[in-house]
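Same chain, two partners: chain A is paired with chain B first, then with chain C.
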Partner chain A sequence: MEDIKDIVLEYVKEEYLEDEDEELTYETPLISGGIVDSFSMVSLKRFLETKYSISIPDEKATPEAFDSVSKIAVLVREIAG
Partner chain B sequence: MSFSDKIREQYQDQLRQIQDAGIFKQERFIHSSQAADIEVEFPEGSSLQRVINMCSNNYLGLSSHPDVLKAAHEGLDHRGYGMSSVRFICGTQDIHHELERKVTEFLGTEATILFPSCMDANTGVFEAVLTDQDVMISDRLVHASIIDGIRLAPAQHDTFKHSNMDHLEKKLQLHVDKRFKLVITDGVFSMDGDTAKLAEMADLCEKYDAMLFLDDSHSSGFIGKTGRGTHERCGVMGRVDIITTTFGKALGGASGGCVSGRKEIVELCRQKARPYLFSNTIAPVVVSGVLKVLEILSQSTERRDKLEKNAEFWRRGLTEAGFVLKEGDTPIVPVMLFNAKLSQDISRDLYTEGIYAIGFFFPVVPQGQARIRTQISAGHEQHHLEKALEAFIKVGKKYDILGKTKQEIIAQYGM
Partner chain C sequence: MSNIGSYEERLAGFDWSLSEKELGYIPGDRINIGWYCTDRICQMGMADKPALIWEGLGGSGRTYTFNDIRLAANTIGHYLQGLGVKDQDRVCLFLDKIPELYLGFLGILKIGAIAQPLFSAFGDESLLVRLENAETSVIITQRKHVSKVRKIRDQLPQLRHIIIVDYDGRKPLQERELAFSLDEAAPVEEFEVFPTEAESPSVLHYTSGTTGMPKGVQHVHYSLIAQYLTAKWVLDLQDDDIYWCTADPGWVTGTSYGIIGPWGLGVTQCVLDSGFSAEAWYRFIEKHRVTVWYSAPTAIRSLMRAGEEIVKQHDLSSLRHLASVGEPLNSEAVIWSERVFGKPFHDTYWQTETGAMMIANYPGMKVKPGSMGRPFPGITGVVLDPNSHEPIAEAGKVGLIAFKPGWPAMMRTYWNNEATYQAKFVNNWYLSGDRASIDNEGYFWFVGRDDDVINTAGHLVSPFEVESALLEHEAVAESAVVSKPDEVNMEVVKAFVMLNPGFEPDAEQELRIMNFIRKKLSPLAMPQEIEYVDSLPKTRSGKIMRRLLHAQEWGEEIGDTSTLEDE
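After this line comes the complex of A and B, so read on.
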């Protein structure tokens, strides 16, 4: 299985970066770094839910849990079980 | 006593954090009417300084126009001061109804409903007309009041990259299965001064069977040949389903807003929109003033034409002086400084030179995009603009940023 991190990284690049050559790593702060505003996070959440057939409860979909590709991968693994 | 020391300390802590972050907002007291020349007390307790206002939304210079004042006085005399009621109990006068008709005519829509403010219009409209079967697809840079409105609505929500039509189209495809799709944008974006690609958006909406929502607060009265707004300018009059706008900027600048558009949507707002149902509407004095404003603007385009010339002069002057500007052709002209502290320092020095213009930085604008947002008015005369330009050049020289590129300014001052 392709690593979750790479899939999420690709999605974040396409969905949020204006210029897809911009540097983005697994650890780049997404929300606190101003790349993804907490309001636009919905599309990322929906993407994860569809892609991995999971449902992320609102209390887990926090700006902190979504703040980097690595953290998102942890969250997805935890929920997908 | 329930406001214990512990609670007080926590709040004080929170306030200190805001101060430490350098984003504590402080008011400046203006001792005159709103105009190009104002008298300001800042900081509190200091003597009054006469400055040129370069940061108000008084785009058409109507906030203190003698005819508007006269109409407001007459409104006060004939319709009183307050209504002491919400609209649907006993808070609707003939002039409220008249203003709704006049706004409909001015914007070229089917119907209009007044709200206490455009903030209220934006927070009320989505909840009133959408359900959980529907989706709202908004530009990522829409105004905060729209964001609040979206949060209050039961419909699903998605966003597209600022003014990126390919991305919008992808989102429309993604949400084909929804009952209603509503595409949401500002007309002129208040922080950057750029204009929505409304013609392309209207085409996409038609192609994907979506409705189109426009907040024209920074356009109504002056964008488009006869000042009707972004829809006039982009040639899509009649193709925007919902327009919200404010009377608190170009249209007299007092207060109030509206939802204007398809008559069923407006009627549903009258039945269901909470800020309309549960808050007093615009006071008679203000209604009378706005009626006069619309009359002035319907008779002549003189003021918006002057505004356009002023803005052109200002933009050209700053460009030739060597400032980095955000591209655009509206009266909102952001002077880019990138570094937050630099924007504060330059704003302060401009003030000393008699120019009132405010620095904006994160989180109001994205990180590393600090700026001084200047806003031009038809109330500015040539001498105001020349003096302001002189001051900008003097301060620009002091900080050695004239003729420098974005990269050079960032190299010198950091992000």
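After this line comes the complex of A and C, so read on.
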């Protein structure tokens, strides 16, 4: 699980964080915090699907499920089984 | 009793002078939106009334009275003047929905300069073309966005100052950068507002077209006359309302009805500067006892998806009037809001170019779910035959939505692009670029765009701009960009891509291209799907036939293919 969290954290930092000084933790709100908007969520979802060879159903790809690195890791783990 | 009373009675003998009189404006006199939204309201005895209730991430918040926003606008205006900013200079606001965005907007207008708000999610390329076109001399931004400005500043010799409103001193300022803190600046009590007149330029909003680069829609201070009255009659804003416009002032709704309309009326408004979540939005309404809510169909459909259980967990009884803008509001959303909130969303139709609402559903008037409503009093709206450009009299027949020019908030030109502006008018009608029909009761029913522009979540995206940016990606040889249906956003961007030799058409490549466009243009412009193709349909003269790809995505008839090049 830590591994997934670290990979997602790095990816979000690299791809979505505009201010390099901004702190990002596993719990930082991504969607409600305005770091990842609903359109960008599509590319984040695509990253997870490609990286972990999974398919995230639309009904599970909610703003709440994507709202932190920790929550994303839970979702990935749940779908990957 | 609603402000408009009877729509039918308002139609009879309507004249915009009604709005002028209410605002105390005498034709030929000075008119400055910044002054009307602040000083005038204070002079009317509302200096201590809350103007802005702002809430940021994690519930941090601040309330500004009308006197506070008057002083803040003065202070920002004074600071800009000290930097040598003069009337009609373009000053860009590249900020999240933080107070400086709203207050800076008014400060810019108070000194007679032109406010150029740009959506803060824009990538560096989107920013560059808009600042280049406007020959912007100052940009006001914040730490988290300044890296995008740094990337392009060398290509912008006319950009004299980059003002950072939240500089924390941790890293040195760079070339042309200045730190400005509204909290630390000495408030400017006495300030001479620049004597702008009705036709003085005020706001420059950029919008996308089918071809060419984005167009700078230029408005004037006289637009206030329409924005004031439409906010009063359509949104039904009243003295004791708590109003929430969810739009970002990077787009026209966020300035016309997120600043000018409500504050011109002296109404308290709330701003929530955080990402979307149903829980956060309902909590915000409940906490601030929002009474009038102006939002967008995409947001409403997202709320619908979140379900009704979450609605029941909040006390939303303060809501008394709901309205929507940006894209057609589907009938399901209207019916849903009636069931869940006990009142329907009232759809409104207008554009960046129109500056103010043109067609709307009014308080007290029968709402036909799915309809755009009827033209605002004083607005002559028709649908035109696409060939003759004559008004269609027959009910239900689809034509081009057009308006008789001359309403107060009409754009005055496209910045540095008068020829394109002139092309918007035919037979003395302004052509909106949208298609609709009118029923036998005068209600308009939206059908779709009349061009290739993509309306995604209420924002226009130019396929040309996306295709141009795609070509800058090393893997892309050629592309065609169209819309595809989307349950929440109505339409999203889809790209058909031919790859250069040596690049694999796989998922990783797709993601790389998506992210490239997201960062270069904006998340809105990012293709949500990329389909790899070996060839693109073209005319014999080599022009890509987007129409065929669009038809394929929407399951429509392909139509005439006689000009398609041979295989």
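Here is the rule we use: the second predicted complex is superposed on the first by the 79 of 81 C-alpha atoms of A that agree within 3 Å, B and C clash if a C-alpha of one lies under 4 Å from a C-alpha of the other, contacts with A are read in each partner's own complex, and residues count from 1 in each chain.
As a convention for this text, a residue touches a chain if its C-beta (ideal position, glycine included) is under 8 Å from a C-beta of that chain, and two chains touch if they have at least 3 such contacts.
Model, not experiment: these values are computed from the prediction.
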### Contacts of A:67 with chain B and chain C, given as first, second, both or neither
second
Per residue count on chain A, the busier partner among chain B and chain C is C
With the two complexes superposed on chain A, say which partner A:29 touches: chain B (first), chain C (second), both, or neither.
second
With both complexes overlaid on chain A, does A:43 touch chain B (first), chain C (second), both or neither?
both
So the chain A residues that chain B and chain C both touch are 18, 33-34, 37, 39-40, 42-43, 46
As the complex stands, chain B meets chain A at residues 140, 147, 150, 157-159, 161-162, 171, 362-363, 366-367
Listed in rising order, chain A residues that touch chain C in their complex are 15, 18-22, 29-40, 42-43, 46-47, 49-50, 62-64, 67
Touching chain B in the complex, chain A uses residues 16, 18, 33-34, 37, 39-40, 42-43, 46
Chain C contacts chain A in the complex at 57, 96, 121, 143-145, 147-148, 170-171, 273-280, 302, 305-306, 456-457, 488-489, 507-508, 510-511, 514-515, 518-519, 523-524, 526, 528
